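In the two complexes below, subunit A is the common chain; its partner is subunit B in one and subunit C in the other.
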Partner chain A sequence: MAWFEYLLIPFTDPKLFFIAAFGTFAGFIIGALPGLSVTMAATLLVSLSYTWDTIPAIVLIIGVFFGGVYGGSRSAILLNIPGTPSSLAATFDGYPLAQRGESGLAIGYATVYSVLGGLLGIAVLATASPLISSIALSFAPRDYFLMMLLGILVVGSVGSKDLPKSIFVAGLGMIIGLVGMDSLTGVDRFTFGSVELKGGINFIACMLGLFGLAEVLHQLRHLKKNRMNDISGQFLPSCAQFLRFLPLSIRTSAIGVLIGSLPGAGGEIASLMAYDHAKRTVKKPSRPFGKGAYEGVLAPDTANMSAIGGALIPMLTLGIPGDAVTAVILGGLMIQGLTPGPLLIQSSPDLFGVIIGAGIISAVFVFIWGLMGLSTFARIVLIPKHVLLPIIAFLTVVGAYAIRNSVIDVYWMVIFGVIGYFMKQYRFPTGPMVLGMILGPMMEGHFRRAIMIEQGSLLGLTTSLFTHPISFLLTFAIVFTLVTQTPWYVRSKAKLFKQHQRPAKIE
Partner chain B sequence: MKWLRLGTGMVLILSLILLSACNAPVFLSNEFQTTGTYPSKPITGVIPWDQGGTTDSIARTISPLVEKELGQSIVLTNKPGATGSIGTHYVYEQEPDGTHLLFSAENPALYGVLDISALGFDDFEPIALYARTMATVVVPADSKYKTLDDLLQDAKARPGKIKMGSTGPGGLPHVVSSMINGAAGTRFNLIPFPGDGPALTALLGGHIDATVSALSAAINNQKAGKVRILAVINDQPVPAIPDVPTVTQSLPQLEQHLPWGPFFGVWVKKGTPEPIKAKLAKAFAKAEETPKFQKALRNIGAIPMNLHGKEAERYWRDWQSTTAWLIYEGGEAKVHPAKLNIPKKPSRSDQER
Partner chain C sequence: MTASSRGVPFLLTAISLTILGLSFNIEDNQVLDPSSASFFPALIAILLLICSLLIWRRKAIPASDEKEDQGSDEGSEPSLPLVRLVSFIGGILLFAVLMQVIHFLLLSILYLFTSMTILNRSRWLTNLLVAVITAGVIYVLFVYIFKIVFPS
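After this line comes the complex of A and B, so read on.
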C-alpha cells in the first residue's frame, strides 16, 4: 500500500484540487452535450498535457472522465437524448419521469447514486485491483460472447410490452451493425463499394437520430400533448428513499465495476445490464419500469459511474485499456515515460494514489456541480417547444458532426431521425435498435474467435461451456433468464407457491 | 403552430448546409496561397486512427514541435475507420496545397494487396518518416515453450493447432507469422483480435498460446514476469532486452526481410508544390531532432528514423515489396502484388526454394 501516502496529495495541493474541480465541471458540460464525448475531451487534454507535468494532467483527465460520464444522463433525462452512449439506459425511465414533472427528482436521484457508484468504483480500484484484473483476464472470448448474449436478452426489459417488435428492431440494429469492413478478415459487407460505408454506420450518430431528432419530429406532431405547467419541487431523495434503494445500487455498482474492468466492454454495456438487473430483481418498483421508476434511473447511473473505476483497473494493473478513454490516458502516460503495466503500482505509487485521490474529489464535485443550478436545469422541460425543439435539432446535428468530424454521420443522424419518427409513430421501441447496433458486432467477433479457438468445432465450443466455471455461470444465467420468461415457468411457479404475482399498478 | 414546424425544419436544413460547406474543400485556396507565404492559415492534420493508439500518440507529440517551426497551428482531427482508409481518403479529397497533412502508419502501403481501398501511398508523397517499431514473439510466462525453437517444433508437429493471436490481414502478427511459416514450414491457428492490446489480454489470460506484440508492450509485461519474449523480429539484439535472441538466430533465412516493423510518418497529397513540401520537410526534420521527441519515441519503444524525400520513398516501397509478397505467399492477398506493379525483391526466391 505504498500508494496510500500519495492519496491525499490532490486534497492538500490547492492547485490539484482546483484542477479536479474544474475538470469535473468541464466534463459535465461535455458529457451533457450530445455527440461531444469524453474520449474527445480526454484526447485534447492529453495532448495539452505533453507540456504539463504528469500529475496535474492526469488529475484533470480523471475529473473530465467522472464529470463526462455523469453529464450524459442530464440530457438523457431532460431531453431523451443520451449525451454519451453509456447514458442510453438513463432515458428509459429518466425521460418518463421528466415528462411527469419530476425532472428535478430524476436528476437528484441520478446525481446522488452517480456519486455513490463513482465512489464504490474507486474503492474497488483502490482495494481489489489485482483480484478484479485476474477475473477480467480469465474471461475467454467465449465468455465475452456469452456476456453479450446476456446483454441482448436485455431487449426483453428495454422494449415496450410488444416483445416481437423489440426483437425485430434489435435484429435490424444488429444487421445495421454489420455494415462495413469485417473486423476479422477485412471483407466488405453491405458497403456497395462506398468508402464511407467501409467504416460502418456510426452507432452514436444513429442514437442521436433515433432518440434526439426522432423525438423532435414526434413532438412536432403532438404539440398540444404533454404540456406541463409546473414541475415537482422535490429535488433530492429523502433519507428513507435513499436507504430503500441502497442494496440495489450496491448490486448495480458491482455489475458496473466488473463489466467496466473487462477490456472492450464499458459503461454502455454495464448500464444496460444494470437496468436489466434492476428490472428483474425489484419486485415492487416505485412505478412500473419504463413509466418512470426511480430504480430505472439509479441502476444505470450507478453502473456507468462505477465502470470508471472498473475501466481504470486493467489500465493500471495490466497496461491494457478498459475502454476508449483509458486508451487515450494510456497513450498519454506512455509519451510521458510512464509505462502503465503490471509494475505501475510498485514503480509509480504516486500516480496510483493521485488517481484514486482525484477520483474521490471528482465524485464529490459531481455532487456539487450536479446539484448546482438544478432547479434551473429541471425547468428545461418547461421551456416552450418552439424554443426548445429547434435547439435540440441543432444540437443533434452538431453532435453528429462532432463524433468523427464527418458530415456523413450527420446524414445518418437525419436518416435515422426520420426512421425513428416512423418507429415511434407505429409504436416500435427505438432502444433495442441501438442495443443491437452496439452488441451485435461485438457478439459476432467474440463468437468467431471463440469457435476459431476450438478449431472451428461447434461441439468443442459447446463442451467448453460446461467445463469452465465462468462460462458455465454465464450459460446458466442465460438459460435461467430465458426460462423465467416463459409462461410455463410463471404458471408452475404460481402453482408451487400458491400465489399470483400481480404486476404493480400504474399510479 | 405551422410556422414552428417550418422553423425547426429550416434550422435543420440550414445547419446541414453550413456543415457541408465547412467540409467542402476550400475553393481557390491554391491560387490565393502563394507558396512563399505558406503556411498562411492553420493546417489540418488528419489522423486516420483512433485516439490513444501509437499513430495518434506520435502525431500529437510531434505536431506542437512542428507548429513552432512553421509558426502556424496544426489542428489535429481523428478520422478513424476501415484500417485507416477513411481518413486517408479524406485527405486525398482535399486540394494539394499543404493545408492537409496525413499522419499515417504503414497501412496504406497494403491497401492494394488487401483490397481495402483504391488509394494507397502512390497517391501521396511522404514528408517525413519519423519512427518505426519492432515486433516480438511472446508466450505466457508459464508456457511450456522456453525458446522460439520449442514453439516452432511444436507448431510443425501439430500444424494448425497452436493458437496465435492476430490482428487481421496485414497486421503485425499476420505478417510475422507469414514470415516464420515461409522459413520454418509451420502453420498456426490465427485468432484475429481487434488490436494487439486485446490479443495480449487473451494471452495473459491463457486463452491463446502465443502472439506477436509490439516491443514496448512486451517489455513491460516481461519485466513483471507475466510473459516470456521468445524472440525479437530484428537482425540485431535490442539494447533494452539484450538477453532475448533475435529471430534470425533460429531462422537465418529471415534476414532478407529485416529490419521490418510498423512505421509512422506524415504525408501530403500528390501534386503538392515543391517549395511547400520542402518547407514542411525542413520543419519536420527539425522537430524530429529535438530531444523531447526523441525521448517520447524511446518511451513508447519506437526507433527514430528521420527519413525524408527520396529516402522516405525508397523505404516505404521496399517495405511494401517485402510485406506484399509475404502476404501473397501466405495466401491472404486479395490482389496479386504483380498486378499492382509491386516488384518482388530478387534475392528471396533463390534463398527460399
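After this line comes the complex of A and C, so read on.
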C-alpha cells in the first residue's frame, strides 16, 4: 500500500488540482461535441503535454478521460446524438425525457449517477490493481505474449462485427509498430534505407491521424446545424429518488467495471449491457423503457463511467490497454519512460496514487461542471461544424508537430488521417490498429524471449503452453475466442437458443 | 459491391504479400529461425494474407456510401465530395509546409479563416473574427502552457 500516501498529492498540490479540474472541463466539452471522441482528445493532450513532467501530464489525461466519457451523454440527451460511441445507450431514454420537458432532470440523473459510477470504478481500480499486479509477477514471457494475443483477438471479436477485418487491421498496426531498427539484433526492418524510418514511425502521430484528422474528414460530410431541446425542469433527483435507484446503479457499476476491464470491450459495450440489465431486472420502471424511464438514463451512465476504472486495471497492472483511450495513455506513459506492467505499482507508487487521486477529483468535477451553468454549456453542443472542424484539424497539425518539433510527424499524421478516413469508409475498425502498433513490438519481444528460454525451439514453446497452468488457461481462452467466431459455433448457438425458446412459446 | 469495394480485397492481399516479401529480405536473418528479426513479421504477414483471403471470401467490404445507397433515400448520409476532401487535405499539408516560412500566429489565422470560409461562405466576417480569436487563444496556450517551440 505504498501508493496510498501519494493519493492526496493531487488534493494538496494546487497545480495538479487545477489541471485535473481543467482536464475534466476540457474533456466534458470535447465529449459533448458530437463527432469528437475522448480518444482524439487524449491523443492530442498526450502530444501537447510531451514536454510536461509525467505526473501533471497523466493528471490532465485522467481528467479528460472522465470529463469526456461523461460529456458524451449531454448531446445524447439534448440532441439525440451520442457525443461519444459509449453514450449511445443514453439516447434511448435520455432524449425522450428531454422531449417531455424533463431534460434538466435527465441531465441531473446522468450527472449524479455518473459520479457514483466513476467513484466506484476508481475504488475497484485501487483495490484490485495491487492484487492483480502481484499475481502478474509470476507470469512468464510466453504468458504476456498470449495475453496480448488474447487482447487483440477479444478486441476483434467483441469490438467489431468482422473478426478478419479487425485482425488484419491489428496485424498491419503491428507491422507499423515494428518499422525501424530491431532492438535485439540491430538490423533495419521495413525502413527502405531511410534514415527517418530507422527510429520507427511515431505512433502518437499515427493516432492523431487515425482518431483526429480521419474523424474531421469523416465529419465533413455532415455540415448541417443540430437542433437542441431547451433545458427545463428540475435538475437534481430528490433524496428518496436517489436511494430508490441506488441498488440498480451499484449493479450497473459492477457491470461497467467488469466489462471495462476486458481488453477491447470498454464503455460502449458496458453501457449497452447495463441498459439491457436494467430493462430485464427492473419490474416496475418509472416509465416504460424507451419512453423516458429514469432507470434507462442512469444505468448506462453509471456503467460507462465505472468502465473507466475497469479499463485502467489491465493497462496499469499488465501493460495491456483495455481500449483505445487506455492505449493512448499507455503510449503517453511509454513516452515518459515508464513501463506499465506488474512492476509499475511497486516501482512508481506515486504515479498510481496520483492516478487514483486524480480520478476522485475528476469524478467530483464531473458533478460540478455537469450541473454548473447548464443552459450556457448546453449551447456548446451547437457550435457549427464549419467552425469546429478546421479548429480540430489545426490542433491535430500542431499536436503532431509538438511531439518532436518535426514537420515529418505532421506528414505521418496526414497520411494516417487519410488511411483512417478510408478505413471508416470501408468499415474497418481503427482501434485494433492502434492496439497493434503499441502491442506489436511488445508481443514480439515477449515471443522472442519465450523462444530463447526454450533454447530456440518452437516445439518446446508449444509444449510449454500446455504444461504451465497460466499459459494453458490463456491458450484455452484464445482457442475459445477463435471458435466463437466460426460459422459452426454461430449456427450451433442459434440452434440451441431456438430449442430453449420453443417451450416458452408453447406456454 | 462497387468497383472500389471490389478492389479492397486485392489491395489487402497485395499489402500482405508485400510485407511477406519484405520479411524474407530482412538482412542477415533466417526467416525460419523463430528468434530472428524476420520470423515474427513473416508470421504476421501470413496472418494478414489469411485474413485478406477470408475477407475476400466473405465479400465483407460494404463501403459506407454503398450501404447508404442501398438504403432508403430518406435520411441517407451525404458523401463527401472529392474536391472538398482533397482541398481540405491540401490545405493541411500547405499549412505544415508554410509553418517553417510564415509566422505561426499569422499562418493560423489565415488557415482557420480560409478553411472556415470554404466550408461556409456566407459568414466571412464571423469566420474572420472566430479565426483571429481562436488562433490568438491557442497560440498563447501552446507557447506559454504547453511550451511548444514553433519553427517561425
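What we mean here is this: the second predicted complex is superposed on the first by the 271 of 507 C-alpha atoms of A that agree within 3 Å, B and C clash if a C-alpha of one lies under 4 Å from a C-alpha of the other, contacts with A are read in each partner's own complex, and residues count from 1 in each chain.
In this section, contacts are C-beta pairs under 8 Å (C-beta built on N, C-alpha and C of every residue); 3 or more make two chains touch, one makes a residue touch a chain.
Being a predicted model, the structure only gives us computed values, none of them experimental.
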| item | value |
| --- | --- |
| Partner chain in contact with A:A140 - subunit B first, subunit C second, else both or neither | first |
| Partner chain in contact with A:L131 - subunit B first, subunit C second, else both or neither | neither |
| First (subunit B), second (subunit C), both or neither touched by A:G200 | first |
| First (subunit B), second (subunit C), both or neither touched by A:I175 | second |
| A:V414 touches, of subunit B and subunit C: first, second, both or neither? | both |
| Partner chain in contact with A:P164 - subunit B first, subunit C second, else both or neither | second |
| Partner chain(s) touched by A:P390 [first = subunit B, second = subunit C, both, neither] | both |
| Which of subunit B and subunit C A:F190 touches, first, second, both or neither | second |
| Which superposed partner A:L473 touches (first subunit B, second subunit C, both, neither) | neither |
| On subunit A, positions contacted by subunit B and by subunit C | 51, 184-185, 213, 216, 220, 223, 385-386, 389-390, 393-394, 397-398, 401, 405, 407, 410, 414, 448, 452 |
| List of subunit B residues in touch with subunit A within their complex | 1, 4-5, 7-8, 11-12, 15-16, 19-20, 22-23, 50-54, 56-57, 60-61, 64, 76-83, 85-86, 89-90, 114-117, 160-161, 163, 168-170, 189, 191-194, 197-198, 200-202, 204-205, 207-208, 216-217, 220-221, 223-226, 295-296, 299-300 |
| Touching residues (chain side subunit A, partner subunit C) in the complex | 48-49, 51-52, 162, 164-165, 167-168, 171-172, 174-175, 178, 182, 184-185, 187-190, 213, 216-218, 220-223, 384-387, 389-391, 393-395, 397-398, 401-402, 405, 407, 410-411, 414, 417-418, 421, 424-427, 440, 443-444, 447-448, 451-452, 456, 458, 461 |
| Sites on subunit C touched by subunit A in the complex | 5, 8, 12, 15, 19, 22, 26-29, 33-38, 40-41, 44-45, 47-48, 50-52, 54-55, 58, 60-65, 77-80, 84-85, 88-89, 92-93, 95-97, 99-100, 108, 111-112, 115-116, 119-120, 127, 130, 134, 138, 142, 146-151 |
| Residues of subunit A that touch subunit B when the two form their complex | 39-40, 42-43, 46-47, 50-51, 136-141, 180-181, 183-186, 195-196, 198-200, 213, 216, 220, 223, 263-264, 314, 318-321, 324, 327-332, 334-337, 339-343, 385-386, 389-390, 393-394, 397-398, 401, 404-407, 410, 414, 445, 448-449, 452-453, 455 |
